[in-house]
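You will see two complexes here that share subunit A, one where it goes with subunit B and one where it goes with subunit C.
Presenting the complex of A and B:
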């Protein structure tokens, strides 16, 4: 059965991460844990530090200080970058991005790309059977194997990206705004697919999104980031129903709904910006 | 409403492109009144932006167009190039999703704001600056930005500049193409509050394209739902989302992850919207519709009382999350 968050041996443990770019504290003392088979949401506006945190966890970025451990094994300490070590790390954590087009080679058919990933990590296994299995797992027919990325729709490409991430059988999947670019009807298909995969494989998700409806739908727990730091955390139900931090309340009030008063949200936003302790973070409104 | 009070009136608009098997826009009827905010919703590729652009006479090359598009009573599709320029400079203007892409990064924002007014012979130099200052105040910015460059401003502030620029020549019609999609939700609220204020202050009619149904419900007076180039349902925002009559509208609502809903599986719509390269007969939604019958595949449903569905009269669209819709 699922352990509670903060259990004895989480599959992912992030402690005291810090990262500064010049004077900007992009990530400011971020700690959390993800237990096996659980889904943890990370919400906050662009520039709040979500993506930088994710990139450090995956290994695309180095933290100034702090640790990332997967299944108890530290990923930040060792700077050995041998091939075997790189592959081993890749098998721990995989990442799916917002735009799958950028992470897929446009000239390589989907099936071939999956075969290559498999050959790299599991040279002795039967690739063909596994490719078929992966395509099936993400709801793509075997015909998709022959397709080039551009011949697929946005939703299908995101399925391919998920299949490729799953190919190495990671313990943790980091999804950075992975459904943000999809239309709602396709987004719902992908969210349901991700729920099925988690149920079948016991994989853990770190689910980065700005959409609180999505958080509600696919996460057990959530952390709220603001200006590089975590300002609130807890079970998703509780945080969304009874937010404690003013920034979490502002995020919730910003969601358009019946009786929505955008004027009040705008006023609250200004109030929060002016009462909050001055932060070295620059106002940055780039999206993810 | 009589034609005189419509700032935009689209009638039977059909648009075909070369090498496609069906029209991109297929008999679109849509109106926007003065001081009215109308939302146009639908999935990507359904034809929302194309519809918006025809209101400025911005047609793709080699497009074959039928029907009429009147802005302030005048048909855009038959305008001379000179008249079109006047239209775009005065009567109607447009704001886009990505303000950074639409503003020259090398020029001061003051020049950006006043240059369209000067080029188009609207307000002259001095008057343009006065107007720019007035509008900057209206969008909540100070004169300081006049001497700043785009990179010095956040996305939300730049979108305010875009809006101020779009209002320079006091248009009766503002066309908004996903103007808040690239912004954070808290910034989105600010921009939406601003647009609602401007509508009240200047009486501007707005056509607001979005894929966010919650946003459409929250800001608009009326909503048009588009699928495969056709308007499948339209009506007042409250009743359309509270009691949808077209299966596609209901399905869109059900597939949207909601804050208030129980966190269970979403009711995804199977399949994908139809490809432009494949011909369509009958109802464009038939392949994905849970209520489709034989007739749906054979015969095109014509709009009747704001809904284009053969079964609109008999269906009671019970949905998985009854009572949990925007403005239910």
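Presenting the complex of A and C:
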């Protein structure tokens, strides 16, 4: 993968997104594209605006200005609330949330939750067969269908959340820190699962994460966000191997490893904050 | 977070939480009252309106196990059948106010903005009216019968339910599972009906159980004033009214027994309701 502006028809095109909360610019002129079947990482610390960007893309927040287009169709303009429009938007982009325990209704068994979604989107199809298929696709047995979310482990719950998102058959899947709440070994399983699913379905991934290890594993390209703006972009390998922006270097240095010096990282951070200050207020006050 | 929405009475905490026996006793009593109300016509030994003037103001006897009132009507039969009207009124009030209150509260909390302002302010306006006065006004306007006071008291109890439902909705809508359903393409209405309301229902129902006790008290007060139920219908409140003379004549049973029943039933409903609320609040944490 070479140039990010690349392909003829990107499945997701985000251009010029801006969102301010009061005086804080949470998202500041963010643009990127995601080609069909590719995986794009959005990296940054908490408060960098990456989650706000994700929420604008799925439609949970409205951008002040800017566009989000899926397969060439703009989805920021339309404020119509019709059923067909709602379903169409849902089939464009689905989202997997950070904490699977909070993103599933505690009262609803797994199978029922999946059937609910299937009935909404594909009322004519055989729900039961598709539920079994989806559970199988995310590596859960059919027995899981009867379980309530609290009877499942964190990794299993996240598999359910992924299955529910896939049930809609979206063009793009936004994963907002989707493995951050899981144990490291479970993280690896979920990341492998996601890689397999992408291979099978050709769905596009937008990985929102602070974890550079995750980015290295599962993304083709990466954009680095700092204080609401994109400071660096490029193929993942290149960015991680030879970061150009001081903030990217700082992120890479912040990962603990042998010979790691937290004091130096803190000093670099202060230097970065004083040299370049594109935002009127400190990132700590931002909603992430 | 939900616990804060419910009335706490710290003094009663030890009775409520430590001694589970009290809860079980109250639950059993509530169950008993409900069952009795359901099968009262088959239990009652005599026609509650049959006047046996020879037995008027007598002490308990084999013919009248709890004595008879000043008109010679059998106290036990009137108590048994009176439980029907005494429970039916509050049941209507609780049902109306819960359904309407949840609709108003959830709509206000979910939609926010001017709809929230309009609904919240108008339910606060209702709160400013004393419930009993509103009921008396309705009876004056629409005549006697159970319906007018039930509607009036439902309106009086509505703000309590709607305020609770609104605050629960506000805290619940922050939770990602509701956002997840929105992303999935479900409409706001179906998310509220299928997911939000079932998740806040336990707390609301616990509060409604507590309201039941208060509504029973209000209805009894109304029928004591002769406004609640049509004449001749046996009812605990109107029994107390009719028993005033009996009290003065030194045969207090026909007035005191309905008083005791009202107090015990109200307390039982409150204990059960608060226990449920406590249990829900504990589970949430």
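Keep this in mind: the second predicted complex is superposed on the first by the 275 of 288 C-alpha atoms of A that agree within 3 Å, B and C clash if a C-alpha of one lies under 4 Å from a C-alpha of the other, contacts with A are read in each partner's own complex, and residues count from 1 in each chain.
One rule holds in what follows: a residue touches a chain if its C-beta (ideal position, glycine included) is under 8 Å from a C-beta of that chain, and two chains touch if they have at least 3 such contacts.
These figures come from a predicted structure and were not determined experimentally.
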Joint occupancy of subunit A by subunit B and subunit C, clash or fit: fit
Touched partner set for A:240, first subunit B, second subunit C, both or neither: first
Subunit B versus subunit C as contact partner of A:97, first or second or both or neither: second
Touching partner for A:124 - first (subunit B), second (subunit C), both, neither: neither
Superposition-derived angle with apex at the Cα centre of subunit A and sides reaching subunit B and subunit C, degrees in steps of 10: 80
Touched partner set for A:250, first subunit B, second subunit C, both or neither: first
Touched partner set for A:155, first subunit B, second subunit C, both or neither: first
Residue contacts on subunit A - larger count, subunit B or subunit C: B
First, second, both or neither for A:214, with subunit B first and subunit C second: first
Least C-alpha distance (whole Å) that remains between subunit C and subunit B when both complexes are overlaid: 15
Touching both subunit B and subunit C, residues of subunit A: none
Subunit A partner contacts - residues on subunit C that touch it in the complex: 175-177, 179-187, 194-195, 198-199
In the complex with subunit B, residue positions of subunit A that touch it: 45-46, 153, 155, 183-189, 191-192, 195, 210-214, 216-217, 236-237, 240, 250-260, 262-263, 265-266, 269, 283-287
Residues of subunit B defined as touching subunit A within the complex: 43-44, 154-157, 182-190, 192-194, 196-197, 211-215, 217-219, 251-252, 255-261, 263, 265-270, 272, 326-328
Subunit A residues touching subunit C - in the complex, by the definition given at the top: 58-60, 83, 86-87, 89-91, 93-95, 97-99, 102-108, 116-117, 120-121, 161, 164, 168
